[in-house]
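Next up is a structure, given as structure tokens.
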Amino acid sequence: MQRISIDPITRLEGHGKIDIFLNEEGEVANAYFQIPELRGFEVFCVGRPAEDMPNLTDRICGVCPEAHHMAASKALDALWHVEVPPAGKKLRELMYSIFFATDHTTHFYALGGPDFIVGPDAPAAERNILGVIQKVGMDVAGKVLKMRHDGHYLIQMMAARRVQPNWGLPGGVSRGINEEQRKEIEKLGRDAIEFALFSLQAFRDIVLKNKAYVDLILGDIFNHHTYSMGMVDANNRTNFYDGMIRVVDPDGKEFVKYAPKDYLNVLAEHVEPWTYLKFPYLKKVGWKGFVDGKDSGVYKATPLSRLNAADGLATPKAQEAYDEFYKTLGGKPVHATLATHWARLVELLYATERWVELATDPEITSPNYRTIPTAVPDEGVGTVEAPRGTLTHHYKTDSRGILTEVNLIVGTTNNYAPIAMSCKKAAEKLIHKGKVTEGLLNMVEMGFRAYDPCFGCATHSLPGQMPMEVRLRGPNGEVLEVLTKNLA
Amino acid sequence: MTAKPKLALYWAASCGGCEIAVLAIDEKILEVAAAFDIVLWPVAIDAKVHDVEKMADQSIDVCLFNGSIRNSEQEYMAQLLRRKSKILVAFGSCAHEGCIPGLANLAGREAIFDYVYRRSPSVDNPQGIVPQPEFEAPEGTLHIPVFYDTVKTLDQTVNVDYYVPGCPPEAENIYAIVKAVIAGLGGAPLPPPGTVLGKETTVCDECERTRNEKKIKAFKRTWEMIPNETECLLEQGLVCCGLATRAGCGALCPKVNSPCIGCHGANAGVEDFGARMMTSLASVIDSNDPAEIRRIIQEGIPDPVGTFYRFSLPRSLLRRGALAGNGRGH
Amino acid sequence: MSDERFEPKIIAFLCNWCSYRAADLAGTARMKYQPNIRSIRVMCSGRVDPSFVLKAFSLGADGVMIAGCHPGECHYLEQNYKAMRRYEMLRHTLLAMGMEDHRLRLQWASAAEGNVLSAAINEMIEQVRALGPLNWPGLWSENGGHQAAIERLPHEHAEALEVTA
Amino acid sequence: MSEKVGVYICHCGSNIAGTVDVVELAKFAGELPGVTVSREYKFMCSSLGQELVAEDIQKQGLTRVVVGACSPHLHEKTFRRACATAGLNPYLMQMASLREQVSWVTEDKALALDKAKAMISGAVRRVQLQEELEPTPVPVNPNTLVVGGGVAGIQAALELADAGYPVFMVEREPSIGGHMAQFDKTFPTLDCSACILTPKMSDVGTHDKITLLSYAEVEEVTGFVGNFHVRIRKRARGVDEKDCTGCGICIEKCPRKVVDEVFEAGMGYRKAIYRPFPQAVPKFPVIDRANCTFYERGTCKACEKFCPTNAIKFDQEDSFLDLDIGNIILATGWDLFDARRLSQFGYGRLANVFTNLEFERLCNAAGPTDGKIVLRDGVTEPKSIALVHCVGSRDKTTNPQCSAVCCMAALKFGHLVMEKTQAEVTSFYIDIRAPHKNYEEFYDRLQDEGMHFVRGRVAEVTDAARRPEEEGKLIVQVEDTLVGKQRRLPFDMVVLMSGLQPRADAKEVGLRFGISCSMDGWFTERHPKLDPVATMTDGIFIAGVCQGPKDIPDSVAQGAAAASRIQGMIARGTVMIEPVVATIHEEHCSGCRICNNLCPFNAIEFLAEKGVSYINAALCKGCGTCVAACPAQAISGAHFNNQQINAEIEGLLYDAVRGNGGAPKPVAVPA
């Protein structure tokens, strides 16, 4: 029995390690995708005052703190049985839309995008944000940096800090916005829509016009027929901030639609002894291991799965992009993992349109942005769509609002099983007779990156990454061969 | 031509916020890329730890290290980078004082494993499996790093030259520090080792709210009230950490009507942040009756450890030796 | 003899004007109390910074006493009330950390009350003796003992490097 | 740190050496880091011992000194001086109390040695961080403010004025004189109270160095020793002092009679415009606006009509006076215990139960009855009088203290009764307290004169007669502890010897002047034995009963003592301000203002323009409360700074368990 260790995988937000075992014939016998850490927020948050949760859980993930901030704030609303006034809801969703646009931009241009923009075969040393800047030139780079800068700037203006906000409270937010700020938010929002359209066009030009890329996207290597999860509004259109959770089966038929507070009826988490991360799955279907199909409880919660789980998008331009997306890829549902990059850009457009919608809502500057709770707190669940998947916070407190129990199911965790499967599948497809090629390594990575996995969230920790390296070991674990990327 | 100074950025047990903050210096990132030969920066650059291991000791000029030390791999990386770096900077709250994840020291490994893998409401684990550092899979042995009992700061693990406060540090400050380091390498005088690279006063200094003499009859919790936007939040009864927290953020949180939560840590020369908060708040409680004082404190500050040591438990003088009561007093 | 039983170490902060004089008086009057108490003279109980108390615990003290003038009798008019408030705050925090109540004590003793102070000292020593050592520094959990896990990493890398692809 | 520390262990004969192994201790000290010399010596406080220290400082170049001996309260000054003479700043010396806190309180030699080692290593670590300090000299303003015009204040004022220094005397009432002016005779000499007091009063009134401000009160005191600023409110008299000749016609013509509750203790009447008593100083009358017809109805103005110099000013308003003052004497006196609080004695209910003050007025020739001792009806002369001692004194339920004067006053009353009437007089006492010169003799004399004494605390005074002979009398119910039986004795008149208690507003006045009161409310002296006239606040002195119950001679003595203390300071011209004060380091201060209202001496002010707080070193008393409170740790306290105290804690715990409190680990060997 031979083993290949990929330790660790690079350019994901979080640390992962893959061990691939080969049988005597050198074919893949099994692959283990391991997450090496955990921080235990669920445990040490117990004993804290619940209203501190938006600030505490910000620190679960510095990549998407706003997502935790929102999920926590919504959990507090439920906990204290308080209705957020319309202005409060809109302010929250506005800030959240700005965050979504910013985060998707970061991923497409800094993390996932490089594979397409500078190309999968380019030396790894160039497959990074700096490489992208070299390739697309300063003017485009300028657009990207401006988009990120504007996003951060507005988040800081509204919610105190560009990373780790301090804003959400049970019943609303700590402060609203004035007309002056609204104008600025609107103006930058319109720029953002332009940027989103530009990015989609860039994707068409660079990727869709390149047959090799399209084949790669649609090829079997990265396909997984799993359930798809996403949050939808009353009309079954994607919403990031609020709504019902809808799950469709591999054929695109609605499997379940439930209120976030009922998540325990739908989801369960499986534990393996070789990783610190748990594997969520659909309770009704059950845990069948790392396999595709209707009979496996494995599901995805990604930009792609959100589009699959919805009937459309609530803004005009985004709806067009949505239609184009499915037309090009041959109808719903789409299971091509790499298409997630495109789906992400469609969501980027939706987020920017929603941003302007809310920024131009007459109620957005209302001083009535918060309701002070009067009920006795007991239990509450808060769910939002994080960029990397459905995020759920579940709290219980005593009558003083001191936490007695905390449970978190975070974005990337939902996708742990699919990611593991993608890695295994890529390995199976590409490794034969114990032969490993440099191409394999990047292929595996690309499948991996499509999920924009953030194991900071997943493990509530973000340990370091090191460049990927593969060691081919013999039955006794001696190293037969070593391959590393970017040997250039 | 003279070789560019070597820069390494690394993240241990952190949330990635520090990395995002570094990216948030926007176009200046290009200046950094131009000024330094970046030998390690996981989030953005593919570089190899082998190369770092192969380097001669002290051959990295500056290492910005964020994240606390919570498992065996992080401890190794801390030791490695200390050895290879001339200047090791504890970058951000986690490396500096432990930050919010440091509150895990209230619980410890066993409590965390037991809840996360066995008792959590969503977990389905009839055999009560918990992850093992070394696991014999049918195909072979699998390793994951050892999860430690205690979260420690970087300087509780290796010697540190400088500290950068903040969760995360503000982009402006990051750029200023990078420039200072560049100047320092160019021969400009560097501050004495052990210096925290930040302002030496507290957030009130940057807060625009009006302040008066303080007399507090009751501490309020943030959900209980909507404070006005002009007066000192503490005077309105909210436990604002600004008075003890190192300045440098520009009092961002009070600006949006939220009390400071203390993410920049304590002021220069202060050993224990929580002690500063406790003593200053207690001093201005407006009562001389022990029973009333006790009531004011217990009602208004139900979670003193989480309130006063939110960001600094690992660095503080409090030791888990006191955890007889499992970190939950009354 | 004193070897078998646990001898707690207790730090006492004594106000220069009352409790320190009370300690003098206890001595002059030859009132016996156990020598486990080690005192620090401050000008006023209002000088006692909670960080001193935490410092003492973190350096191995098993208990800390803060002694000042009776309420209303402060040499500096009202500063002992600040000491009272800080004691309540500190106690609240230490209890939340799971520390036993008797390890921190606030004691009023006027310059004339040598008997009150020595009685309080003896009582506290017995209470802390019964609780046993606090041992903060000793119990500060060490993460060592995982050297194997730490050293595996460089070995794997080194090993990898020896092999040529 | 490269300090050279000398450690000196005192045997104190066998006081320390008998319990603590001083040789072992000195050896231990010698091995502590920083210590260059370590000696033990029989008596460190002896001149030989002090020379030992001085010599080492000079020969061995010691930069720090630790003395392990007795309590610093005994010999800190001694050893500081020893260091100073050898040229070492006195604040670089630290004492460890090995006697009071070790050898005298324990017998376990092993533990005693442990503790002694701890105390020494604490002192050794601390002393190395101590800093040179210098007291700062400030000038002393020669003006003195005397608050209260009773006999104590009068004495103090005259002493100072006669020495040639300016005095400002503030009196709340329209006239000075205090309680003494109300008395008839004084014990034990029986000379006329007024006769000996009024000359002193008029001296005050006429002295060119004394500015008398009667009918006035101190509103505000700021500043510090030698440099106080005082604001005084002069209440509107309604009479212009410049024009008034004190002829008194206004008083004659005033149609309005008012019961005089103050001077006459409710026994007599005065007019609405009045002067408390004929010899009042100053002579100017006061209009009692609460009772003046003009202020009630807007008419009358009789006084104005008849005033020959048009001195009546109905529209006069309170005026304010700001003074620069070097030192202040508080001689604010006492209130009489309110006998109504003890209802069993019937005062206020039974007409012929009197208080001692009422009785003083009865006896006084200038009083409402021209000195005739009569019952409330104003005519009947009593046949029998009871004097009840300790009313509101020596009584746990009211005042535990002995009021010091009542026993002698009762004897005086006994004498006056027998001198002026045929009445039998009986004293009901617990103990007769007659400790001073000629007091016991006076007691003997009264026994000879036939005064009766019953030993026992009176249980009740009642008019409920049980036997015919009790009809219409006041019956005193008492347990005669000498005969050991209950007795009921009938009297015509009962006099309650009410005790002395602190002024109702003593605490508030204390705060205004920055001094404290004891639990029972008397002003606290700096030292109960060695410094009874000074207070904790430099430049503020106390004299008379406001410091505690005492009689006239003691009050006079204390007034004079306070005055001479002040003369000394004025003569020197400067005072030294203790260098143990707090300082705010501006660069670290964020202006959060936490410290602003923590200082009872108002030493901390907020500099709005700079946005930082500032401490006035001259006002700072060095308690360190603000130092401990500062959230930014921007305040440091000289001689008690954090580093010094932390070092002492470290030293005291030299033998405690030490894990690495999370200190850095050695770097792992590269693979």
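In order of appearance the chains are A, B, C and D, and numbering begins at 1 in each one.
Heads up, the rule we're going with is that contacts are C-beta pairs under 8 Å (C-beta built on N, C-alpha and C of every residue); 3 or more make two chains touch, one makes a residue touch a chain.
The model shown is predicted, which means the values in this text are computed figures rather than measured ones.
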Of all other chains, the one whose Cα centre sits farthest from chain C: A
Chain pair, most C-beta pairs within the contact cut-off: A-B
Whole-Å separation of chain centres (CA-atom averages), chain C against chain D: 37
Distance from the mean Cα position of chain C to that of chain B, given in whole angstrom: 27
Whole-Å gap between the CA centroids of chain A and chain B: 25
Inter-centroid spacing, chain D versus chain B (mean Cα positions, whole Å): 54
Residues of chain B engaged with two or more neighbouring chains: 49-50, 53, 73, 76, 79-80, 145, 152, 276, 279, 283, 303, 305, 319, 327-328
Residues of chain D touching at least two other chains: 598, 625, 628-629, 661-662, 665, 668, 670-671
Shared interface positions of chain C, touching two or more other chains: 49-51, 55, 58, 78, 82, 86, 135-140, 150-151, 153-154, 157-158, 160-161
Contact set on chain D toward chain B in their complex: 587-594, 596-598, 611, 625, 628-634, 661-665, 667-668, 670-671
Contact footprint of chain D on chain C as seen in their complex: 1-2, 7, 9, 11, 20-21, 23-24, 26-28, 30-36, 38-44, 46-52, 55-56, 58-61, 70, 72-79, 82, 86, 118, 133, 135-140, 142, 144, 147, 150-151, 153-155, 157-158
Chain B-touching residues of chain C, taken from the complex the two chains share: 49-51, 54-55, 57-58, 71, 78, 81-82, 84-86, 88-90, 92-100, 134-141, 143, 146, 149-154, 157-158, 160-161
Touch list for chain B against partner chain C, complex: 49-50, 53-54, 69, 72-73, 75-76, 79-80, 108, 133, 143, 145-146, 148-150, 152, 271-272, 274-276, 278-279, 281-283, 285, 287-288, 290, 293-294, 297-298, 301, 303-305, 308, 316-330
Residue numbers on chain B that touch chain A, as the complex places them: 10-21, 23-24, 26-27, 30, 33, 42-50, 67, 70-71, 73-74, 77, 99-101, 103-107, 111-112, 115-117, 120-125, 129-132, 135, 137-142, 144-145, 147, 167-168, 171, 221-226, 229, 249, 252-253, 255-258, 261, 263, 302-303, 305-307, 310, 327-328
